[in-house]
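What follows is a set of structures to go through.
Below, subunit A partners subunit B and then partners subunit C, in two separate complexes.
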Partner chain A sequence: MKFNMFTKALAGGVALSAMLTGVALADPAVIYDLGGKFDKSFNEAAYNGAEAWKAETGGSFLDLELQNDAQREQALRRFAGQGANPIVMAGFSWTAALTAVATEFPDTNFVVIDTVVDAPNVQSIIFDEHTGSYLVGVLAALKSETGTVGFIGGMDVPLIHKFYCGYAQGAKAANPDIKLIENYTGTTPAAWNDPVTAGELAKAGVDAGADVIFAAAGGSGLGVLQAMKDAGKFSIGVDSNQNYLQPGSVLTSMVKRVDVAVKTALTEAADDATFKPGLTIMGLAEDGVGYAVDDNNEALLTPEMIAAAEDYKAKIIAGEIAVHDYTTDSTCPL
Partner chain B sequence: MDLSAILSILDATIRLSTPLLLACLAGLYSERAGIFDIGLEGKMLAAAFAAGAVAAITGSAWIGLAAGMSVSLATALLQGVAAITLRGNQLIAGVAINMLAAGLTTFLGQTWFSQGGRTPPLGEGGRFVPINLPFANEVAGVPIIGPIYYELISGHYILVYIAFLMVAVTAYVLYRTRFGLRLRAVGESPKAVDTAGISVVKLRYQAVIITGLLCGIAGAYFSIAQGSGFGNNMTAGKGYIALAALIFAKWKPVPAMFTCLLFGFLDALQIRLQSARLGGVEIPVQAIQALPYVLTVILLAGFIGKAVGPKAGGVAYTKER
Partner chain C sequence: MSARRPIPRWADVALLPAINLLLALIVSGLVVLFVGENPFHAIQVIIYGAFGYGEGVGYTLYYATNFIFTGLAVAVAAHAGLFNIGGDGQAYVAGLGAIVVALALDQTHWLIAMPLAVIAAGAVGGFWAFVPGWLQAKRGSHVVITTIMFNFIAAALMVYMVNRVLKPASTMAPESETIDVAGRVPQLRQFFSFFGYSPVNLSIVIAIAALIGVYILIWHTKFGYAMRVLGQNPTASRYAGISNSRMIMITMTISGALAGMVAINEVMGVQNRLVLDFVAGAGFVGIAVALMGRNHPIGIALAAVLFGALYQGGQELQFVIPGITREMIVVIQALVILFTGAMEGLFRPALERAFMLFSPEQKADAIAASTAKTES
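Entry: the complex of A and B
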């Protein structure tokens, strides 16, 4: 009888470990932020990274587009409860939801991009947006004929100020007399998806003399790119390479290699041996950020402009130029 | 603030008030005929989607406009059947239209184009382009009048000119034609109209059709003139602001135009006042963005006086037997 119980317990243990193995082999999940999977910007970069991982490994992944803020915790719990592992989230608004859920599922590996969550099973990937923005700021100032360059952010949050602050420092470095116009599309998450208001802001910027405008505004940025094209001026895209959206008008794009981050995360975090909980910073040296040059904008950038940008890039990597990060002290010394 | 800055704000005012004006006039026909129309927003949204989708596929702004107007018309007729023929509650019918449009546009957009509910960006020909009025370039050099003509009056989308033309047309139709007289009568006393041997139902349907067509132009303006392609919920509550403007204007066409221009002006001002400084202190962007809404509340509450709508508004007409 005792033996029988033992075998039962053993069988139970085997079954449980089989289930656990099943969990470990489960599909990873990717959750996009508000703005939509195909925003041609941040979320789309995350999606492209996941697709690249899928093409390379032949694996499959679950994904979800959020419709509103209230769904965050629910979505996380559902995926974690289903045994998805790892779970990758794109967006800075995940902090609260992930902090709550990460402790509930200690065996699940979470990767969050653009914010920092301190938990033993969370890898936080952040980008040095300020240094990438610095370089496009240099290019904007060198391209500008009016001596005025603009910036249109999405939602008015510290992360977007970080973009602006880097951009402004770069523009000032290339041309100390440059005039900067700073605008934000709104103060709610709807500001990521409001191309009409963003386009109107761009027109106002053009009227005020700006001939290059950097749009760090997710889906709203499409309105800026269109408005600058209509006005015959230049825009700078963000996150994904947006040069192709309005060829000949998009000066360059401040690319944030969210796709690389997602692809690496899906590969590494699937296995506890390679999972790197804690903080990962992707900067210029890691090619995590940079400016995009391709067929669509080659003609807009002179060799001198590229040389100047490369020079600043080398100096930033070498530590000769320290680009101030707005998020460290919420100020932007210019 | 110099002349060019003022002209730039006024220019934006015209651009931003156009969809409000079209929606406001659309609501005017419907409400004057005794049908409260809370569904302006939904009809515009449906039209914006249809126009954006069809213009993206065909590459023609005019076909897009026609599609937008057709879809808006169909939506208006649906609302009309519910509110006129079936004598349902008009407010509920309008709310239903709004919810239907908000959900259906995103769903269909995602199904057809897989771009998160957006329609693809439009190329050349798929959008209306600003038109330069005759002699705009020639007179641009003339002091004061030149820039006003060149910057402010010339260089808008054709839909903008249609919107302002519709103000005059509406005023004429409403006060100078037999149809207008009957339309006003049916909103005040449908029984009297019926006694005179005129069909209340037919008149109300005519009003609803005009409402649908005008909402269609307003919606198309969002996606194929002002914007390039449809985005989720891109009308962003403009239908409700148009409704507020209609009440503020006491259901009259010319005051409606000025009210819409005022709302457009506040919006334009809000955009240009960002990062403005007052006595060395930067005004918070939230305060600036709330400005149009705060002023709307103040104006509606304090300065409008008594606004009495058409007497028979909101009541379905039941013929006595």
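Entry: the complex of A and C
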């Protein structure tokens, strides 16, 4: 009886696999990182980009959330084997898996965000988070009345140090006497989603004299924004434009246009004629990173502050100011 | 009235888990139905994904390898009356031992690197469990508290080690250097193409050896006997001249070393580098595996394969039925853990009563037993 059920299930499975391999899906695929599709931050930006592409073109896409690291290669092979093209990956942990799989599927176009994989069919998109952070650092230093600004990172990893390092350089450039307070929410991936701890760190920062705090902490950043609002001080959002979350308190947001990158990738990489394998850098010049100004924070930024930020931006683009990138040598000279 | 007799052994080891599993699947089915998908189709996909084709079987066995190690770790401690819930942390720090040896010897041969890495991972994992064991034995700090606290210490330590010590400056992701091909544990697919691209590797041989080793240790050695005496009655073991504190420390070390073997599978067999959080909760699944497997190696092997199948089948489910999200799969896995692990005794009283009803012999025994009690 039991055996009978099992064989039936097996037979059903075989039929299923025939169905799966028989139909070649030309839909593109988006694979999120372990943070999950709706993290209100990085992965969600990728999702929003894909949704924007869908709304504009009327196409459809496949997507997948991972549960653990061992599934990376499995997911790539699965989608590539189904004929999904292009396959877009969000996250810096894809390097090893993509390096292995890209050569097995030379006809599939891969796009990876936040890391670099050197293969003829891979486009690697990197954001200049340090220059964007530099500009919000300038704004923070100009806004601060106490001469102390804070930074609260999510998980203590090099990528977040890159944010901090750019931010600190910008703040120092605008005010050489500025005092900086650097904090990280935690050391495990849970630190991306711990608004309570991050909020407590923000309160401690306020007690130590900080009146502007930059939260580069994914979902934890919401706690910082709330705490600064409660204290009547200012915060800076990250990745998406978070100005609307606490209007009047969020000074600006360091936007990283992952959504634009995904949307562009889905459009361009589908066709070999427009696909751009190799390294793509999304910096200030490409509007890949920057600071957000909208109705919610216009009143907080004086024209002088905007002018100063624009001035630094032009100088960085022109190469007159070189912002140090923490991830190149794991140090932050200030 | 209190003459309820224990259910027969076959019912305890086979029927009860089967009922629990069935119930878990029914409740999961209702959840699947609730999100508007066909539960029968879903279960079919899970079974096919886990056992229907070579690569799926490979993935199932790969997950099962981890769960065997962590399940055995919990079981060994449980036989001595200790509840080691720090398998996650012990496996995590063991990665340190594995990666250091593997990177140092990856220019030689895996036959040299693997045994030494097994020793190193076992030593580091064992040490991580020895400290709570020592605290329990000498200072009376309860292992349940200390082992779970050590999970957090392990997480913090590993983030520091990976980011600041092991990570090459050129890589972005928090991970160590990659182990050279010569130092990696060979994949089973190199011998049997059946397994497709799945990451099941020779670590499974260590897992099988560990299953046999634990069986011999617990039921066929003096040490195992002392362990079980301690587990069943610490006062009696003390009276019999067994040093309880020594037993606690050694048992915890063995338990930690077993959990540490996860690092061989993950670091040397699958990822070929040390990544953050590579254990991915296997230590906690091990608790459910040991509970469901009744702390017996055969039971643990079967339960580990079941949970491996759930992990791999769950992943398959996400590919085939887009309506079922990652969170849904976690819900299904959690239901199985809940019913087979945490609430495994739910149906025991009912089963005991049912067996008494249907077995006249047992009923007569029971009546005899209860009359004997009232008379005396």
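Following the convention adopted for this analysis, the second predicted complex is superposed on the first by the 305 of 334 C-alpha atoms of A that agree within 3 Å, B and C clash if a C-alpha of one lies under 4 Å from a C-alpha of the other, contacts with A are read in each partner's own complex, and residues count from 1 in each chain.
As a working rule, a contact is a pair of C-beta atoms (placed from the backbone, for glycine too) under 8 Å apart; a residue touches a chain by one contact, two chains touch by 3 or more.
Since the model is a prediction, treat every value here as computed from it, not as a measurement.
> Could you look at A:L245 and tell me whether it touches subunit B, subunit C, both or neither (first, second, both, neither)?
Only subunit B; A:L245 stays clear of subunit C.
> Of the partners subunit B and subunit C, which touch A:E65 in the superposed model: first, second, both, neither?
Touch partners of A:E65: subunit B and subunit C.
> Once the structures are superposed on A, label A:T187 by its partner contacts, choosing first (subunit B), second (subunit C), both or neither.
So A:T187 meets both subunit B and subunit C here.
> Of the two partners subunit B and subunit C, indicate the one touching more residues belonging to subunit A.
In the superposed model, C touches more residues of subunit A.
> One more residue to check, A:G36. First (subunit B), second (subunit C), both or neither?
Both partners, subunit B and subunit C.
> Does subunit B (first) or subunit C (second) touch A:D207, or do both, or does neither?
After superposition on chain A, A:D207 lies in contact with subunit B alone.
> Have a look at where A:K54 lands relative to subunit B and subunit C in the superposition and call it first, second, both or neither.
After superposing on A, A:K54 lies clear of both subunit B and subunit C.
> Using the superposition on chain A described above, determine whether A:D156 touches subunit B (first), subunit C (second), both, or neither.
Both partners, subunit B and subunit C.
> Touching A:H324, do we find subunit B (first), subunit C (second), both, or neither?
neither
> Using the superposition on A, tell me which residues of subunit A are in contact with subunit B and, in the other complex, with subunit C.
36-37, 65, 156, 187
> Where on subunit A does subunit B make contact in their complex?
It comes out as residues 35-40, 43, 65, 156, 181-184, 186-187, 190, 193-197, 199-201, 203-204, 207-208, 219, 222-223, 226, 245.
> Tell me, which parts of subunit B touch subunit A in their complex?
My answer: residues 4-5, 8, 12, 15-16, 114-118, 121, 222, 226-229, 231-234, 236, 268, 271-272, 274-275, 285-286, 289.
> Can you name the residues of subunit C that touch subunit A in the complex?
Interface residues on the subunit C side: 43-45, 47-49, 51-53, 59, 62, 155-156, 159-160, 163, 167, 169, 171-175, 178, 197-199, 266, 270-273, 275-278, 280, 311, 314-315, 318-320, 322, 325-326, 329-330.
> Please output the residues of subunit A touching subunit C within their complex, sorted ascending.
6, 9-10, 12-14, 16-17, 20, 36-37, 62-71, 73-74, 77-78, 92-93, 95-96, 114-116, 155-159, 187-189, 327-330
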